[in-house]
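Beneath this line is the structure, given in structure tokens, with notes to follow.
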């Protein structure tokens, strides 16, 4: 209990610091404060996918229903975080480049991640509960993962040449001063903590339900 | 070793012969796909009218048609086995890898025929400039190989799920996106008249993508295929 | 090949619903077993698990050739299996179906054997017509031919006489009697006539626990 209150206070502090403590980035203005939320959200979106895929591999090695649950719940959490990252990213893009969407490499990558999550969940919903669903979803999660490094490798190469927009590169490497870095890292830690909290709560809930069903 | 290898090949040949024979008798895939391709191409051709398109647009249109044609055609080979309940007999009689490779080769052949037809019709109806025809054929060949490689295992997944009609494109798109982007780019270069040197990286990428996706499919196929 | 089949503590459940539990038996070369039981007692499921199409929830199935235990892939290969739930290819003729499965199983070309099987099942005149022109009884005969084609050391027949007329049943009986002496045969059926005729050993599956039949 005490831990949760402390954590809540910590997150409030991070949010307040993002608006009050950190200075706005040079040349980007107040809109740059969104990176304290946008980047951690995107990071969690990717992290959740990795955790989901690792659990998919574990399931294929040893078919325990719990691994399947872990893979599925990470996809659901990851979808929410990725969606928020996409929206905050679009707002950021509007503020810096003037348009919400321009298929910048980063936007494309996050969009594909969103599509993979969506496809994974659609696949799950069109299968009946059970081993078969777990196996097929796990295989899809692994096959879809193969395309991620290709995207990271290929899209910047092709699209930087098509859109030689210097702002894109600049915004990729924001010059951060010490205060900004502190807030940024604190926020990264905080959002990862939120993710971990949601995840472990879900796993606990799952285990309780399993035990109750087992007793019946 | 030599004996088991030749046994493997003869099994593969039997499976391929069976699929081709079935396809030849029903002509389902090729008819449906051909009609789809014609419809799509005529629509594009009407929409374009007398305007001339840029090389980028030509490349994009060609691959959009190829992508959706493969989505409506390649799913069939597994769906048919599941729908008609012939899959269990196949599961008992042949090892999973043979089934995967057999279906992959079959899908690749179908797509190759289809791509050739689509390309000819496209040239006929839309009259794009043809800078380097040999490069264009090479790009389409490699692209279709990767497309069939990725779609085969996804089609096997889809065949075991409900709402099969819409599921395949949904599942395939994120997986195929790197391939499509590269293929469209290389096709654009080919239409503009570039040489192999201009797209060597893209071609290498297409080969790598195909090899990796097929290797992964071989490793994972048994999980999809067996109960 | 001479084999022994050992089934130990086999159970299967779908999403917590138990189909059957704790089934154990051993079959020596030449044994015949008839599995009976009400609908939903898991006869078909048991056969599918034995041939390797389904995985049991717990327990093991072992097929051993002398002292060597076969793995799942080998077990699938040496089974003959026919069931109303499994179809052959509609667009191919009976002969093409048989030669396809023969080639897939890696058998040497065996035209005589195929023609003889089809003849015994009264299908010789129709063997070059596609299965979609067949009646359901004729399709059932082709399925039987397909299951027997490679002289399997383990033959599993689910409702073998389904859709068969009197003549077909006689042909089935004849074919079963022609099986190699060391072959193991398991038949799932509820027809009393077959139980009496083939049931050297009998296994009755009960009503599934917790589920109404």
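First chain written, first letter: the chains are A, B and C, and each begins at residue 1.
Keep this in mind: contacts are C-beta pairs under 8 Å (C-beta built on N, C-alpha and C of every residue); 3 or more make two chains touch, one makes a residue touch a chain.
A quick note: this is a predicted structure, and the numbers were derived from the prediction, not measured.
Set against the C-alpha centre of subunit B, every other chain centre is closer than that of C. Compare each chain's C-alpha centroid with the centroid of every protein C-alpha atom shown, and the nearest one belongs to B.
Two chain pairs, A-C and B-C, are weighed by contacting C-beta pairs, with B-C ahead. Once the centre of each chain is set as its mean CA position, subunit A and subunit B turn out to be 32 Å apart. One finds 51 Å separating the Cα centroids of subunit A and subunit C.
Annotation: 37 Å between the Cα-based centres of subunit B and subunit C. Within subunit B, residues 227 each touch two or more of the remaining chains.
Note for the complex: subunit B touches subunit A at residues 150, 153-154, 157, 160-163, 167, 170-171, 173-179, 181-182, 185, 201, 205, 209, 212-213, 216-217, 220, 223-224, 227. Those residues of subunit A that touch subunit B in the complex are listed here as 60, 112, 115-116, 118-119, 122-123, 126-127, 132, 135-136, 138-140, 142-144, 146-147, 150-151, 153-155, 157-158. Residues 7, 10-11, 13-15, 17-18, 21-22, 25-26, 84-86, 88-95, 98, 227 of subunit B are the ones touching subunit C in the complex. On the side of subunit C, the complex with subunit A involves touching residues 14-16.
Looking at the complex, you find that subunit A touches subunit C at residues 129-130, 213.
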